[in-house]
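Okay, got some structures for you below.
Each of the two complexes below includes subunit A, the first together with subunit B, the second together with subunit C.
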Partner chain A sequence: MTTSTAGRFVGQSVKRREDPRLLTGHGRYVDDVVLPGMLHCTFVRSDVARGRIIRVDTEAAAALDGVTAVLTAADLNPHAGNMQPTLLLTTPGAPLRPLADGDVRFVGEPIVLIVASSRYVAEDAADLVEVEIDSDPAVIDVEHALDDGVPIVHPELGTNLGAEMVFPISPELEAVLAGDNVVRRIFRQHRHTPVPMETRGVVVEYEPSVGELHAWMSTQNPHEAKQAMSRVTGVPAHLVRVEGHDVGGGFGQKFFTPREEMTVALAARRLGRTLKWIEDRRENLIASNHARADVAECTFALDGDGRLLGTYIDHIEDAGAFPVGATGGAGALVGLLFTGPYKCALASLRTRSVWTNTCGRGAYRGPWMFETVAREQMVDAAARAMGMDPLDWRRRNVIPTAELPYTLPTGLPLDMVSPSETLEQAAEIIGYDAFRSEQRRLFAEEGRLVGIGLGLYVEPSTGMMDPMGTETAVVRVNPNGQVTVALGTGAHGQGIETTMAQVVAEELGIDYEDVTIVQGDSAVTAYGRGTGGSGTAVIAGNSCRNACAVVRAKAIEIAAHLMEAAPDDLEIADAQIAVRGTPTRSVAWTEVARIAHLETARLPEGMEVGLEATATFKAPPFSWSNACHACTVEIDRATGVVSILRYVVSEDCGVMINPMIVEGQVAGGVVQGIGGTLYEHFVYDDDGNPLTTTFMDYLLPTTTEVPTIEYGHVETPSPTPGGHKGMGEGGAIGSPPAIFNAVADALALVGATIDRTPLTPDTILGAITTDA
Partner chain B sequence: MKPAPFEYHAPETIHEVCGLLAEHGDEAKVLAGGQSLVPMLALRLTRFEHLVDVNRVAALSGFGRENGTLVVRACTRQRVMERDAAIAAAVPLLAQATPLIGHFQIRNRGTVGGSLAHADPASEYPAVAVALGAELELASPGGAVRRLTADDFFVGTWTTAAEPDELLVAARFPVWPARSGFAIEEVARRHGDFALAGVACAITDGRAGIALFGVGSTPVRARDAEEAWLAGAGAAEVAESAVRDLDPPADVHATASTRTRIARHLVERAVTRAQEGQRVAG
Partner chain C sequence: MLPVEMTVNGERRRGVVDARRTLADFLREECALTGTHLGCEHGVCGACTVLLDGEAVRACLIFAVQAGGAAVTTIEGLGGPDGALSPVQDAFREEHGLQCGFCTPGFVVSVTALLQENPKPSETEIREALSGNLCRCTGYQGIIGAVKRAAEGR
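Moving on to the complex of A and B:
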């Protein structure tokens, strides 16, 4: 195992090279793409959750000055190929279609696509389209969607059950579940949505005489987008090119190619025109895939000392009408990971994915994170039920490092993690014991409600599922010695241009400034997994390492030939290839690069010209990372307002490439957890009408709601070459239960309980009224 | 999120503004800071054939003292209320209320008259105007000017007693005696959001003003509570009286009962603070 810990570049908080352009307004987003003759699109969307389309009258819209086309299902759907965003990670089910045909299945479903000279004109035309829909009762309440007599979201399927996984309950588990100390709770996590700062969007150019389709898209995954656009339009994949330059956030929402992008591509192909569609914020809120929306009944069986004997989780995820990509089926991971970092011999589960007439579910930073939410909230409930402090409960049940590797009761192998160390570090930083004393004093003397909460988890950034586990890097040394690295990634805030350049500079022994990362363009990079699933450091990082190893070996071979030295005696440092121990005997990296390209007669006999390599990395099935979140809150008893006092994260992502970026990623996830727990709530009424369609009602956390986040680091290298682990999603996984537990801890002072989020004044005041 | 087509007018005198309003009637809307109107247009929640931009009307900008009254001309930016020491000295409640409006970017652009004329029931200035007994000055096409009390001006959600061809030209805030106390309190989901509930209050010898916001279709003046306060009732009793007949709206942010509970608490807190302010001032 080789690691680059404490290298010249790896491990350093190098400032992000992306930031100067992003922070000065010089980023290039999809809406910055302006092409000659480009036309603008908008969608007419359903304002009914479920119903039959009686009439669509487009005549007045088509007659409006500046309108090029008004397309309905009849115009586009018969020409559409497979609409699956990916063929690799999809669940069978929802019959996908470009435009609603015959019926509508959620508010926001596209019915008509308008193409016009400007977005203004397109929206004027949209106002002129008359859509008549006979509305039917909609399926909104996921907990009753499987009841008898409930309408069926997708009549073709005959059921609202999209997917189900059931583990049998063993006799041993059954026995402990019938024991003396059984805690059972139902927890509900409300629907919220990723809300990238840059909404989705696409520009598609189709030139019939050439037969090429060229798209610019706000995407995390240009290669899968290319495949999807080829399938839907029928343009062969080698004639499709997808580019994504700067992407203003994705959080999973842009990982697979959604319906609207495919529909616009199909329309561009049909019309032979260049089309732009930029999603507006209202569309993003109502019709870009939603997330969370889970409910589970959880059971813990404990011995008399609070040790976990067995668990059962019965989980339902709301898949919406048209889930995207791997979700609407990712619920399985909720059950598989439910026992997390705790010792437990017995577990079983049932997890169901259920259709409703709502916006489809999609990936959102830790798509299965409800396993941590449900478990960590259960831990506090169980500890309270057993009269134990939640920290003590965790200390008693956490898997000790000495007992690793540990096989989870669901069969997953857990190793190279440090849940116990991060638990202790977080408790130490936040001053757990001192806070407990202060909490008692404030309540006794002033009646104030403060609380402390923990969220402990292990996160499997997985290489199990193709194509998520592999990446290909092309490392190309230019004749002047500078290096261009092509990756199939689609960065949307991760700082990949910085971190991957750190890795390559380290591996080649050259200067960081001499390495450039190219990504986000299917034409100039090899097929890759895109950016998501906390995979870049491990998977792209190690593909870079593998390619660098080849390049490095060749450079050394050339230098050995030039110096008449043995390759084994040479090393590369500071862009010089020198005989180890005799730095005066050296040849410059730039000289080797020049000779490799421009003085090829000096190369060793038979050596191929040039200096570049393509290499892949296939990740192991799991690269576990872990963290412990700890936070303290105060509740205003009179108003129900929750304030976060302190927030601490102790994390272990193995070897950090760039600690500043690691902390930035953690912070981003925590802020989303704060938003998701206290503010963000996508609300439907009983008929499926969305009630939170602007930022006036869908509330994001801002600087005034977010505390300073404090960090602790534990480093347990993963067994992959760089020793890194996935960490991009974790901040959003550990934070919701930590905040929930802190609020629950404060409410327990007055005997009040909570079982659902968001923790709004309504929820808090309701709890105090009901219980106290 | 692009507005429907409209014709844009940029008059420079009050007379021209009133003329345009008279000419286009219901099809015209005054554009001041645009912090509420422009998003509503972009979302196509509302549309007007004519927008009459009053930002170039010099006579609508600035403020001054007229005897015992602070006259704030309608197009004066909210940030002036927040920052100018003369405002804080004359009408402390205006200075206290302003930081609660949105965020500083909004206050840089938003105007005093725009907020009053928009008459959002959850906004701060209408409640301040009601609590202090302000008057609103309206100009009409013939050059006539009339004044309405704040109590009479606010009619319903986003609705005032101004006629379609009238322009709000100024708000006249009485300068309360030196020995007065003021407080404004609100709870919003996040800093800068419209309040779930709020209250503006003022007290001096022989006079009290209490106006709640976010809990009705207009600012809600709590007359019984004012009387109880003047009669020497404690803050809790004043608060109880202020919310006794409240019928607040429910929405995704809070139920009616949450709003009422919060409002009662805020009245108690504000009354206590205002009394303390009066004591210190005296």
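Moving on to the complex of A and C:
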């Protein structure tokens, strides 16, 4: 199943086209946009998690020099259309409103919007707004949010249960769950947040005389933002334009259109002024979507040899108060994918999404990744319970390539993956067996605690729901032969201007330098899915391929006509269209392009003038990618500090377009997983006050904490035309359980156990003291 | 309002600013040099790093008036006038030391200062020198590779 398919451009580590402008300070991020008459916004936010608004006094703020408007719920909310951030997810979700009205539901909820001549003046005015709130008890602990007598986060909904999915336990499953070898564990994953280095932001220009709304926004998804802004402001969608040029990271946080951006758009529409809002870091930490907060009770039933017979997972995700994108939304996939790459005949699940008075949940690089976290941590627990090495357990249970396609017990069809190969490759690169010997020696002779952990997963990238699986490319050949490609993507670090140009150059047989990608602008691109969900290579890539096929066929038809040759005998290579095997009989690509536009009498009779095509690709529901992460750690027994010794990723994303970019994506994801497992923790106190509101408290990994990541590649082409698979999220999916398992493996030497993250020094020391 | 004058990327710049105006905002707004980015505005992330009389500083923690009379170099001042990349910038491109590019100006300026002070840093020295700059995309792999490449003059 392993092949190598490097082409002239596809498969090459082409240097990124985006880099020169970004390296010289000439990128164009949203805060770099300056327009005539532009005013600056800031929000006054709730410092109470749940309570009734008694009084909002804006008089002093409004009187300040330079203040244009001080807007409250009464000014904006009655004019707001549908505030649902996306219609993509069908659950209606929380009753979102532009500004808090009557009550507040989490610390950070916007109450007042200030519009002023500068950000400095806007913040001065914000300090002058007096807000009086009567606090009520808040719902903070998601595990008790459904108990009797607990307050209701959204009184309109009458329940704290946002969504629920249940697969009943079959009699067969019930029987194995009552067997001799049943392992049950509860795992908790703590709350953290995506933290793009560029916070969110938007500039909105509304021109009343023409009724057009034009926004520049830090977004992964300009077309979604356009639709959302149209719904909220009432400006018809064809008069709304959203541009996002350079976007300073997103990781899911900028995929849907959050409340503040919609509120600023509504204010711009109401005031008829051009408004800029740039989120500050405190706002980003407390009020941009959070992620991960999960808990699950997991059960594995095994036979006497450790083979998995059945699983059950009872999962709760903390949706917060106002999740970005309906409910938290990831829980269903946590349940459906829980058995992952292992053979298992029986599975059942319950997943619940629960409202709390905290910042809303949203997408973050593998939104459902708790399925991998919970499963892989369970695998090690089950292996230990059965007296097996975790690698041996995986070898015994992993779905062999020969048994593909394999239907998961939840009904999902798994195919074109290589979990077994990546498991073996990762184990080989990290030297699993040698490490085991060394581990025993270090512990026996020096008392040192080192451990090894694995994280094996399959990822169902691409879209199961409209429009997540579809992208449209417009491939336009200019009269001089150079090509402009328009895509509905919203790149934010992935190098789409480079990779998609590689694909187009490969498909058209022209030079990479002669292809330009235009994206991130709703007005000049066809409706598209944006950039997220590990979808670009498969979906945008194949939309480019489909459009190129049309363009190529037409170019060949023109060339055939010019040369009086049969189209079937022609091929395009190095920008020449030549008779196959007779390269001297050829016509230049540039000449065909010129004739198609400027000497149209020479075209075949009846042929349409020009050389361009618009084509759409609809992905199959699943294009599975997979990887195995392996890492080794050492625990300092005196301080509880975890150090990562080595980190290996063996991945299979099918045909790589640009290996340099693939490895860069993997590395970024892994380090987010390292941060998320060891350092990053968004903390609320019992009253719902956020305690980690700066980078002094919310700790991101730095150069001194990260290891050098080692890579292995396995290539199993997907069944889509280019053979690519999604790979943007995977690094952040496989890493948390690999690190957790390595730490748990080290702690097992002294009989200590862990069941939750983050793995802070306190947690580790506590485990050693309590258990050992 | 206070008058301020400084040299930015070799050009004399004058302005009249609030005492509380940060150097970062002065560079971004008065000088229209938007390559200096604000990632946290509390001195942790390093995205706003510029050279002040040759020393790497955080432009979000310095008031514009404090830079009066100084020579400031921003990311825009490091490459050639024809758009040519500096050796450090080129090394970042070669080693894939950037993805979204938002933290990149701060890293490039910090690395430029590091290599001026210590032209042949060890890997440990590189990691320690850059521990005050946050990157969320690259996992720092390409960044460390870029510093090594630039130091080796490859």
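The working rule: the second predicted complex is superposed on the first by the 763 of 772 C-alpha atoms of A that agree within 3 Å, B and C clash if a C-alpha of one lies under 4 Å from a C-alpha of the other, contacts with A are read in each partner's own complex, and residues count from 1 in each chain.
Methods note: a contact is a pair of C-beta atoms (placed from the backbone, for glycine too) under 8 Å apart; a residue touches a chain by one contact, two chains touch by 3 or more.
Predicted model only: the values in this text are computed from it and were never measured.
When the two structures are aligned on the shared chain, A:Gly668 is found in touch with subunit C, with no touch to subunit B. Of the two partner chains, subunit B is the only one that A:Leu691 touches; subunit C does not reach it.
In the overlay built on the shared chain, the residue A:Thr760 is in contact with subunit B alone; subunit C does not reach it. By the touch criterion defined above, A:Gly27 lies against subunit C but remains apart from subunit B after alignment on the C-alpha atoms of chain A. Contact with neither subunit B nor subunit C is seen for A:Thr584 once the two complexes are overlaid on the shared chain.
In the superposition on chain A, A:Asp280 contacts both subunit B and subunit C.
In the superposition on chain A, contact of A:Glu123 is made with subunit B only, not with subunit C. Within the superposed three-chain model, A:Thr704 lies in touch with subunit B and with subunit C [touch as defined at top]. Considering which of subunit B and subunit C touches more of subunit A, the answer is C. Within subunit A, the residues touched by subunit B in the first complex and by subunit C in the second are 120, 280-281, 694, 696, 702, 704.
Contact residues on subunit B toward subunit A in their complex (touch as defined above): 1-5, 39, 43-44, 187, 189-194, 196, 251-255, 257-258, 261-262, 265-266. Within the complex formed with subunit B, the residues of subunit A that make contact are 119-120, 123-124, 127, 280-282, 638-641, 679, 681, 683, 691-692, 694, 696-697, 699, 701-702, 704-705, 760-762, 765-766. Within the complex formed with subunit C, the residues of subunit A that make contact are 15-16, 18-20, 22-29, 31-32, 34, 120, 195-199, 246-249, 251, 280-281, 492-495, 660-661, 663-665, 667-672, 694-696, 700, 702-704, 706, 708-709, 731.
Only residues 18, 20-21, 28-29, 32-42, 44-45, 47, 74-76, 78-79, 83, 85, 89, 92-94, 96, 98-105, 108, 126-128, 130-144 of subunit C touch subunit A when the two sit together in their complex.
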